[in-house]
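Paired with chain B in one complex and with chain C in the other, chain A is shared by the two complexes that follow.
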Partner chain A sequence: MTQNETREPIMKIRHLTKEFKIKSKKLGAKPQILHALSDVSLDVYEGETLGIIGESGCGKSTLGRTIIQLHKATSGSVEYQGKDLFTLAGPERQAMKRDIQMVFQDPYSSLDPRNTCETIIAEPLKIHQIITDKKERQDRVLQLMREVGLDIQHMNRYPHEFSGGQRQRINVARALSLNPKIIICDEPVSALDVSIQAQVLNLFNRLQREHNLTYIFISHDLGVIKHVSDRIAIMYLGRVVELCEASQIYTNPLHPYTQALLSAIPPESPFEKKERIVLKGEIPSPIGDQVGCPLAGRCPHCTERCTKEIPELKDTGDGHQVACFLYH
Partner chain B sequence: MSETLLRVSGLKTYFYTASGVSKAVDGVSFELNRGEVLGIVGESGSGKSVTSNSLIRLLPPRTGRIVDGEILFEGRNILTMSHKELLEFRGKEIATIFQDPMTSLDPVFKIGKQMVEMICAHQKVSKKEAREMAIHALKRVGIPEPEKRMEAYPYELSGGMCQRVIIAMAVCCKPKFIIADEPTTALDVTVQAQVLDLLKDLQKEMNTSILLITHNLGVVWEMCDKVMVMYAGNTVESADTKTLYSNPLHPYTWGLLDSIPRLSDETKGELRTIPGTPPDLRLTGKCCNFYNRCPYVTDKCCESVPPLVEVEPGHFVACHRQNGEERLVRGEVTHDAE
Partner chain C sequence: MKKKKNAETITDVLGTASNEELLRRERRANSAWSKLKRNKTAMVGLVIVSIMIFIAVFAPLLAPYDPTALNPIEAFALPGENGHILGCDNVGRDLLSRIIYGSRVSLLVAFGGTVVAGLIGVLLGLIAGYFGGIIDSIIMRIMDGMLSFPYILLAMVLMTVLGSGIFNVILAVGIGNIPSFARVVRGEVYIVKNEEYCNAAKVIGVSRLRLLFTHILPNTISPLIVYATLGIAGAIISEAALSFLGLGISEPTASWGSILQTGKFWLNTSPHIATYSGIFILITVLGFNLLGDGVRDVLDPKMKK
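Right, the complex of A and B next:
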């Protein structure tokens, strides 16, 4: 963290909120509001990996999609290199789109089945008119493919001819083609088998070292997140509840939700016996207004204050941020 | 306790497709005692689910066929049962919990109706009694307000709740054996933990045997007494859980154990990987299936299929280099990155 204090963040996410309107079935009734993201503020530093973890429905994918404006944010701002992304237009907006790329979860549906590997990787180069010469473009595609561990023989194949791991490599090559600064990875390995997952994770780590990339890495697997991240943000019901260095999450989890999440992970050996912290009930619905801490109904340390106020994300002193009244 | 409940020997299930014969399961043998939990681990396409579906002969007609082997359940051969016997048998003696909780329930019928139908099919009870049994089972798996939930449609319940309903259906008829095919893969970790605890409790209470299929080794360490590692339709190693963890012998098992990122590891380290991809199942069966990805490969590996040999009591391994006197040492050859 001492290093980070001197560094200027490459991306500042401030009070980002995303609400989805759900139309009521009854005629004339007011639409209900689903709070997918509530007041998310994060800093992303150059060259780091910010891991985002949470259970399904906690808003982690919405966060990634809102940053690159696949969803329009309800309020809040995302600043990239000092410029507000949501107000950019024209060539500046194009430049921003080049700098922030995304790798999606499902390697089967994120590639057009009717295009060859070469066409898929060359498409961003064509759209942004980086390389207009066809022959040069082909060379660049080949160079990218080699970088992610594919070869010349794969160039004219269609997505269905590749395995899941190889497809994810094509996705990575496509994201890399525009020399981005930030890559948002939305569960890039969760559809892959463990042996293939390890190959792709190593690829991500190597590319980051070679190109000084910044990753926002979204996953639900704590082992994977811990492996790739420098800092980890834990999300619950659209809010960041804890933010800390990757090494700290295991040794010193503070938020009751993080503690429960860690205790729910199956053991790493048959000799390990885990003490399990069970959260009562299920994740509450994100529809409707929120009053109090999102974990209030399930938390073993819940007090009266928790049911009335929403705790803010605050620093506990050493850069470890937590949104829980137990620590403020 | 150590009475054998299920014995599978030399099971071969092939799929006859337009592009050739796919050897999905190619000679799998294992035994399961009463009250034991056996885990099958392996990557997708290694034949885990086909093995378990073969046990209840739930294979696609025409294309899928059990070509060889024997499945003895309490001494009865499942493979020679008539269709009628089989209907009686499935659900009552062997219950199955499938991977996706949302699709294993019929979306157009209420939970209660589906459960009552299942109970009436297997036990001679009236509808009213069946209903009471269903409510009792729902209560047992920790569903709040079971009477109300009986009137709910599957879409009204969350994934974890649906999986509980399916587990309730599975245990209703007090089966001797439960096949759980990736029961928690579709669920979040906190819900997974709840479902696994529930399965463990029920298993202890009723002394049921469980065949747990998973690709998550953590789940195996938590749940299973014995574990079998499958690769490309073959058993490559099987042992009791603690032995497999502390003394794995097959190079594939090493690769599998090494490639999982652990919470206790340093961040940003290089993960050990298994190079390459699994083989085409239409081409296997002539040599060791792992030869092209194995760092310890010899000429012998490319010539014949290694038999499954008991190297220590209860510890089986199928590897040419691990049968003999000079055993390999784990980590002797480092895998190449990527």
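Right, the complex of A and C next:
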């Protein structure tokens, strides 16, 4: 995977910024601005799984939703196969929707409770007019259901009649029905219990191999991310602070935040001594203007420069990128 | 080649006859009609409504007398007297015949008024709820303005402007009911449009129109149906009230409301005139409410029985 530099990325995210306006309770006061995403730039390569990890509220889900345009980006661009996604319209936009799909966090609320499993999986085929014949469409639905490991006898059932894992399989089948190139997985297993998580993750891995899918896999679970990712981006307060190969992040974490995050994984053996790095304080509020490194107030290596400048994501060699002044 | 492969998958998937039978049975059990059949109260409502519709449609065959024929000799005849099963009114018209013919007017106004109110109200509510912002404000403030008049006053104004006649009663009752429909739907749309499955539909590439009518509208249907059945019952009563006030259906056309109006003058001496049409209104309203509750349950996939 180290030959990433030579490969052409399938998706280029450039300076993506998303700000939410928060209306003030006081009449006539200026709305405050919440910086959910600040200047995020990432490359996604074909066939890989890009894991995105961070604690709650750091903007991981906002990133996924902004790429898929459920949120309108404040600035920045997402380029897919050389085209800027945010400016597409008409048939090109529909074609893009076919190529980029999403699996949501909550498997139940993302399925329309009034539609049967068959209707749900068939809907994308219908609206994109991929299969117009009703009988053929049903065949395709059955094929998809089998592919994701659903019992095809359940095609007439409603979402509430399925278990959590099965519901997520329906979501995956729906996303898969359009033969997408990229699937954005927004914490797809966090609502499932652990034994089902493993099954669904294995399903994701198998589908990736069979269909040459590219995943942008958002999670807050270090174990899950480790299991699925090729590369990992660590987010903190709306910024990517470190980006590297999945193996490197566990052996050679560079950013102080990553080091602290990884030290939170419990040791595998009770006899193993593990040094725990505890960051002082809380995450600063994303509301209002930001000055300096977002971690400055909590970082054990904080210098004066950190409080004044925002470090950029820079390569330290061999594709390992980090946004910290300690390394550049 | 591809087609053949598909054909193979479906046979080997659903291969055995028992599987296919199972699927078919499940689909049948989930169908609206079979669920409705299992719901006893809904069936009672359906029977009542069907009987009323039957009476209205076949009124000329069922009515024993001409509903407008005057016969002063038999005025105030009590029920059972001279072959008049429900007696006669103040000018000797057979009450049973008048009630049977009156069902035509009353049901027409009830259905028509609710359909008019429903169509316009639901559309306005959908638009207001989905687009929000300034569009929402404009539509809903107009609705609030209409609601600020007492309903019967609004209908009276409309009747005075439009003049009497069945069609105008339908219009008046319908227009008077629009704001409440719009409100019910708008409130629901506000909740439903932020559900994750609407986001999921957008990600798939569903158009706005399709999103509104295939995902948002069906999910607002429960309160809508309850409200519509109440609306039907309310429309029957509104028609009765308008006729009672002398603004709705004018003599000699029979409607349940106009019979009530006639009866009110003779309540002390001949209470049967008002009583029987009142009972018919009561039963019909009850029937629609029972049916409406049943239909709501049936349309909710989570209701098993």
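We take it that the second predicted complex is superposed on the first by the 324 of 328 C-alpha atoms of A that agree within 3 Å, B and C clash if a C-alpha of one lies under 4 Å from a C-alpha of the other, contacts with A are read in each partner's own complex, and residues count from 1 in each chain.
In the analysis below, a residue touches a chain if its C-beta (ideal position, glycine included) is under 8 Å from a C-beta of that chain, and two chains touch if they have at least 3 such contacts.
Note that the structure is predicted; figures quoted are calculated from it, not measured.
Novice: Answer with clash or fit: chain B and chain C placed together on chain A by superposition.
Specialist: fit
Novice: Which of the two partners, first being chain B and second being chain C, lies in contact with A:140: first, second, both, or neither?
Specialist: second
Novice: Scan A:321 for contacts with chain B and chain C and give back first, second, both or neither.
Specialist: neither
Novice: Of the two partner chains, chain B (first) and chain C (second), which one does A:272 touch, if any: first, second, both, or neither?
Specialist: first
Novice: With the two structures laid over each other on chain A, which partner does A:174 touch: chain B (first), chain C (second), both, or neither?
Specialist: It touches chain C, and chain B stays clear.
Novice: For A:258 in the superposed arrangement: first (chain B), second (chain C), both or neither?
Specialist: neither
Novice: Using centres of C-alpha atoms, tell me the angle at chain A that chain B and chain C span after the overlay, to the nearest 10°.
Specialist: About 80 degrees between chain B and chain C, seen from chain A.
Novice: With the two complexes superposed on chain A, say which partner A:70 touches: chain B (first), chain C (second), both, or neither.
Specialist: Second partner only.
Novice: Of chain B and chain C, which one contacts the greater number of residues in chain A?
Specialist: Residues of chain A touched, chain B against chain C: more for B.
Novice: Between chain B (first) and chain C (second), which does A:219 come into contact with in this model arrangement: first, second, both, or neither?
Specialist: Neither partner.
Novice: Quick one: is A:61 in contact with chain B, with chain C, with both, or with neither? Answer first, second, both or neither.
Specialist: In the superposed model, A:61 contacts neither chain B nor chain C.
Novice: Enter the shortest inter-chain Cα distance between chain B and chain C once the structures share a common frame, rounded to whole Å.
Specialist: The answer is 12 Å, the least C-alpha separation in the overlay.
Novice: Go through chain A and flag every residue that touches chain B in one model and chain C in the other.
Specialist: none
Novice: Flag every residue of chain B that touches chain A in the complex, lowest number first.
Specialist: Touch residues, chain B against chain A: 43-44, 158, 160-161, 188-194, 196-197, 215-216, 218-222, 241-242, 245, 255-256, 258-265, 267-275, 277, 337-338.
Novice: Any idea which chain A residues touch chain B in the complex?
Specialist: Touching chain B from chain A are residues 55-56, 149, 163, 165-166, 193-199, 201-203, 205-206, 220, 222-224, 226-230, 246-247, 250, 260-272, 274, 276, 278-279, 282.
Novice: Quick one: which bits of chain C touch chain A in the complex? Just the residue numbers, please.
Specialist: Answer in residue numbers: 3, 6-7, 9-10, 13-14, 19, 22-23, 26-27, 30, 195-197, 199-207, 210, 215, 218-219, 299, 301-302.
Novice: Please output the residues of chain A touching chain C within their complex, sorted ascending.
Specialist: 65, 68, 70, 94, 97-98, 101-102, 104, 106, 109-114, 116, 123-124, 127-128, 136, 138-140, 142-143, 146, 152-153, 155-158, 160, 171, 174, 178
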